[in-house]
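What follows is a single structure, written as C-alpha cells, with notes after it.
Letters A, B, C and D name the chains as they come in the text, with residue numbers starting at 1 for each one.
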Amino acid sequence: MRKLINAPESMVDEMLQGIYAAHPDQVRYVSGDLRCLVSAHVKKGKVGIATGGGSGHLPLFLGYVGEGMLDGCCVGGVFQSPSAMQMLEVTKAIDSGAGVLYIYGNYGGDVMNFDMAAEMAGAEGIRVEQVLGAEDVASAPKGNEGKRRGVAGIFYMYKIAGALAAEMVALEQVKSVAQTVAANVRTMGVALSACTIPEAGKPTFEIEEEKMEIGMGIHGEPGVRKGPLVAADRIVDEMLESILPDLPYQRGDEVSVLINGLGATPKEELYVFFRRVAESLSKSGIHIYHPYIGEFATSMEMAGASISLLKLDAELKRLLDSPANTPFFVQR
Amino acid sequence: MRKLINAPESMVDEMLQGIYAAHPDQVRYVSGDLRCLVSAHVKKGKVGIATGGGSGHLPLFLGYVGEGMLDGCCVGGVFQSPSAMQMLEVTKAIDSGAGVLYIYGNYGGDVMNFDMAAEMAGAEGIRVEQVLGAEDVASAPKGNEGKRRGVAGIFYMYKIAGALAAEMVALEQVKSVAQTVAANVRTMGVALSACTIPEAGKPTFEIEEEKMEIGMGIHGEPGVRKGPLVAADRIVDEMLESILPDLPYQRGDEVSVLINGLGATPKEELYVFFRRVAESLSKSGIHIYHPYIGEFATSMEMAGASISLLKLDAELKRLLDSPANTPFFVQR
Amino acid sequence: MKALLTIEDIKLIFIRCSEIMNKNRQALLDLDAACGDGDLGLTMTKGFAAAAAAARNYSGNDAGKLFLAAGMAIAGSAPSTMGTLIASGFMRVGKEAAGREAMATVDCAAMMISFLDGIMARGKSKPGDKTIIDSLMPAAETLRQGENKPLAEAWADALEAAEQGVERARGMRAVHGRAAYYGDASIGKDDAGARVGMLIVKAFAEYVA
Amino acid sequence: MKALLTIEDIKLIFIRCSEIMNKNRQALLDLDAACGDGDLGLTMTKGFAAAAAAARNYSGNDAGKLFLAAGMAIAGSAPSTMGTLIASGFMRVGKEAAGREAMATVDCAAMMISFLDGIMARGKSKPGDKTIIDSLMPAAETLRQGENKPLAEAWADALEAAEQGVERARGMRAVHGRAAYYGDASIGKDDAGARVGMLIVKAFAEYVA
C-alpha cells in the first residue's frame, strides 16, 4: 500500500480535520460530527442542496460545498454510505425554510439512507426533494436507466442546480433543473488500475499492466469489456460510440465535455483524451461549449478516466457559466 | 506502462493540441510551434513574465499562463528543456516594451537555454531579467543554495510576481518581488513511487512498495534518505525539521503552506498531510495564511507529495490573495 | 421451555445475534467479496454490536421502543445497504410492536412480517430478487403457520425454512445492489444478504431452543 | 594527406560526427542513466543529425557561418544540457572563425579553444568539474602544442589526449548538472559528457587520418 496516511481507520477523519483546518472560512461541521459538513455561509431563504456518499472520491462529494454549488454534505467511510441520521443533521442545518434538495449517486446504500433521511426530515417538517445521478451508460443498458450508477457527471448537477438555487428560486425549480441535467448527461469510464481501500490494505481487484477495463465503475464495479490497453484515440472512440447514441447527442447539439481523471492518471493524458473527443465531436457536427478537464470524481489512486457529455440549452449554458467558489472548485 | 496515450513520441504535442482545443479563449501559440504558448491577452505596456521547462509536470509550467500570472511559456519534451530559440519566440511575443522576466527552475539545461535566449533577446533590444526557483532544501545544504533545484514553490513566484506585474509596475519591481518570494520559500518532498517517461516505456528507477524516498526531486533525483514508508505524521515531522530551520521560519511568522501532490497521490492524503502541518506549525507559533492543497507541480503518475512554506509580509499577502484565472488555476 | 419472550429475552437475543455475526465475520466478508464490495462482515459485526449495546442500555418495558433503539443503532453505525435495510426492518417492528411487553409465537410471526415489510419498503424489493428477503420470507411464513406452536418448535422450523431459503437464493439472479452488476453471472453464487437473514433467525432459534 | 580543411571537409566532419553518435547511442544512454537522466544517446544523435543536415544545406563559403548554422541546429533540436553547451561552443566558433574559408592545424587549435570558451561561458564550469571540458581541454592543448604538425598527426594526438581526459574525469567529483546530486558517489563513474567531447574529437581525427 503506497499511501501517505497514519492508521488506515483514521484516514477519513484526519482528512476531514485537514479540510476544516485549510478552509475554515468556507466549511464547518454540525452536531459535533466531522462527517456532517456544511457551508459556512448558509443563506436565509435559499433552497439548500445536500449531497453525500462514500469517502475516497475527492473532490466528490464534499469538495463542492460552497458558493454557487452545494450547502451540505455527509461523507461515510471509504466507499461507504454515511448514515441517515447524519444526513438528517446536515438537512436540518442547511434548511432555512425553502426546503432541501438531495442530489446524489444511484447506489443502493446511498439511496436507502437518503430515503430514510428524507422521511425523518419530512417528519420534522422539512420539505425534501431528491434527484439521482445515474448517467454511467456502461452500468445498465438503455431502457433500464434507473439501474445506472452515478459517476462524474453529477458534477454538472451540482454546478447547475447550485447556480439556480443561488438565484433564490423555489425548490421545485431547482429540482426540475437538476432533473434536466440528469436527463441530458451521459458518462463512460475506463480503468487501468485498481485502488486500495486503506482498511483493506490491498486492492480488492487487479488489472494487469497493459490491460484496461472499459466501463468500470468508480468502486471497481465490472465494466463492459476487459482487454489489452490500446491507443488513447481508440479508447475514446469506443467510449463515444456508447455515449453518443444513448441520449442521443446529434449534429448541431451543443455539449459541455467533462474529462475526469480517476486519480493516478496525469493531466497530460486527460488532454490527450480531450483532443480526440474534440476532434471526433467536431466531425459529428457536435459543438463543444465550456469543457472541463481535471479531477472531479476520483477513486483515490485508481488510474483511468471518464468522459461525460452534457447537452446544453441557453439556460443550462448560463447556469454552467455562473461563478462558483468552493474549496475544490473555483470558477470566475 | 499504464498510460492513456497514443504513440509515446506524440504525447506532448497531442496534449498541447488538447490544451489549445480546450482553452482557445485563454492561450494560443506563436511561430507555428505548439510548444511556444502565450496568453491570448497580452496587455500593452505590462511586464511580460515567461517560464518554461520540461513537460510532464502539469499544471507546471504552461498551466499558469493567464490573467494575474504568466504571459508565456515554452515546454520541451517530457523532463526535457525547451530550446533557446523557442524561448526567444515566446519572449518576442509577450514583450510589449516593458521588458520580460524569466522565472524558471534551477536545472542545468533550462538555465543554459534561458541564458542563451536572454542574450538573443537582448541582441534584439528586449530587456530580459531572470529569477530562478531553487527552494528544494533536500537538494543542497544551506550555504549552497545556488545549487538547489526548483520545485513546487515556484508556484508562489508565478502567483505573486504575476499579480504585481498586473498592476503595471516596472520590470525591476516585478523582478524584485520574485526575488523576495524566492528568498522566502522552502520546499521538501517525499516520493513513494517512480514515474515513466512515455518514450522510455518503463520507470527510470523503482521504489519498492512500502518504501519511500524523502527529499527526492520531481524527476527522481536522489533525495536525503530512503527508508520504510512510515506514518504520514512522522514524514511531515521529518520534512518540517528540514524546512523550518532552513530559512528559518520562526514563532510569530505568517506563512502560506503549499501541499503539492506529485501525481498519483489522492487529495485525501494531501489533507491528512496538511492536518499535521497545521498542527505542528500551530505548536511552533507559526500562523498559516491562505494554504494551497492540490496538484501544482507533478511528475506524471509519481506517488508522493511536497510541502512548501512561504514566509509572508503584508505586500506578499495582498499579492497572493489577488485574483488569477488560468486554464489550470483559478482564484477569486 | 419459554412460552413468552420478555424484554430481557429480546435484549439477550440481540446480544446473541451480535455474537453470531462475530462468528460469521469472515464468511460474510468472503461471500460479499465474491459479488459485492466485501464489507458485509465488517458492517454486520459493527451494526449488531451497536444494536446489542443499545438493547443492553434500554431500561424501559416497551418491546417497540427496544426494537426501535436497536434499529436506530444499526442505522447509525452500519449505513451500508444491509445495515440500512435491517435498521429499517427493526424500526418498522418498533412501530408495530409499540407498547408490547412480551412476545408469544404469534407475536414473533407478526414481528417477522413487519421486519420484512420494513425491508421491502426500503429496498423496493420482493421475494425472488436474490436478497435477504429470500431467507426471511420463508421463515416468516413458517412462523405464521406455526403461530400456535411453542416458541422453540416454531423458531426451529423457521430456521430450517430460512436455511432452505438461502439454498434457493443461490439459483436466483441478483437485481439489486452491487451484485446486480454481475447479472447472469450472479446465478449459482450464494447471496450474502440471504445468509444474514438466516443468521438473525438463528439467533432467535438458538435462544429459545 | 590533408593540410587544410575546406568548407566541404568540415561538412563531412559533421556528417561523420553524426554517424559516430549513432554508433555510440546505447553507450551514451547507459552512461547518462548511471548518473543522470539517461537521455544523452537520444539528444546527441538528434542534435548531430540536425547539425549534419544544417552543414549539408549550407551553400556558402564561410566556415564561421557553417559552424554557426550547425550550432543553431543543435540548439534547436537538442536543448538538453549537453546539446546547449555544444551548441554554444559551435556558435562561439562561428563568431571567431567568421570569414575563414579553410582551416589549418593552427586554426583547428583556435577553433577548439573557442569551442571550449563557448562551453565554459555557458556552463559556468572549468576543468576538473567532471564534464565535457575534461576531455576537450587536453585535446585543445595538444592541438595548440602541435599547431605546426600536419592535421592527421595533430588530431591523432588530440584524440589520445581526449581519451586520457575521459579516463581522468572518471576519478573526479561531479559538481554540475544531475550528476552533482550524487556528490561523492559520482567519483569512479565515467562522465557521459566527457565521452561526448572525445567522440567529437574522434570525428575530426578519423576524417583527417
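A few points about this structure:
Quick note on the criterion: contacts are C-beta pairs under 8 Å (C-beta built on N, C-alpha and C of every residue); 3 or more make two chains touch, one makes a residue touch a chain.
As the structure is a prediction and not an experimental result, all values here were calculated from the model.
Within the contact network of the assembly, the step distance from chain A to chain D comes to 2. Dropping chain A from the picture separates the other chains, by touching, into B, D | C.
The leading chain pair by number of C-beta pairs in contact is A-B. Each chain gets a centre from the mean of its Cα atoms; for chain B and chain D, those two points are 33 Å apart.
The distance from the centre of chain A to the centre of chain B, each centre being the mean of the chain's C-alpha atoms, comes to 29 Å.
Note on chain placement: the centre of chain B and the centre of chain C lie 57 Å apart, centres being C-alpha means.
Centroid to centroid, with C-alpha atoms defining each point, chain C and chain D lie 81 Å apart. Viewed as a contact network, the protein chains form an open path, each link joining two chains that touch. Listed by chain label, the pairs that touch are A-B, A-C, B-D.
The touching residues of chain A, counted against chain B in their complex, run 1-7, 11-12, 14-19, 21-22, 55-56, 58-59, 63, 190, 192-193, 209-210, 229, 231-233, 235, 263-275, 278-279, 288, 291, 293, 295, 298, 300-301, 303-305, 323, 325, 328, 330-332.
Interface residues of chain C, counted against chain A in their complex, comprise 33, 37-39, 43, 72, 75-77, 79-81, 83-85, 87-88, 122-123, 176-178, 180-182.
On chain B, the positions that touch chain D within their shared complex are 76, 79-86, 108-109, 112-113, 115-116, 139, 147, 199-200, 204, 217, 219, 221-222.
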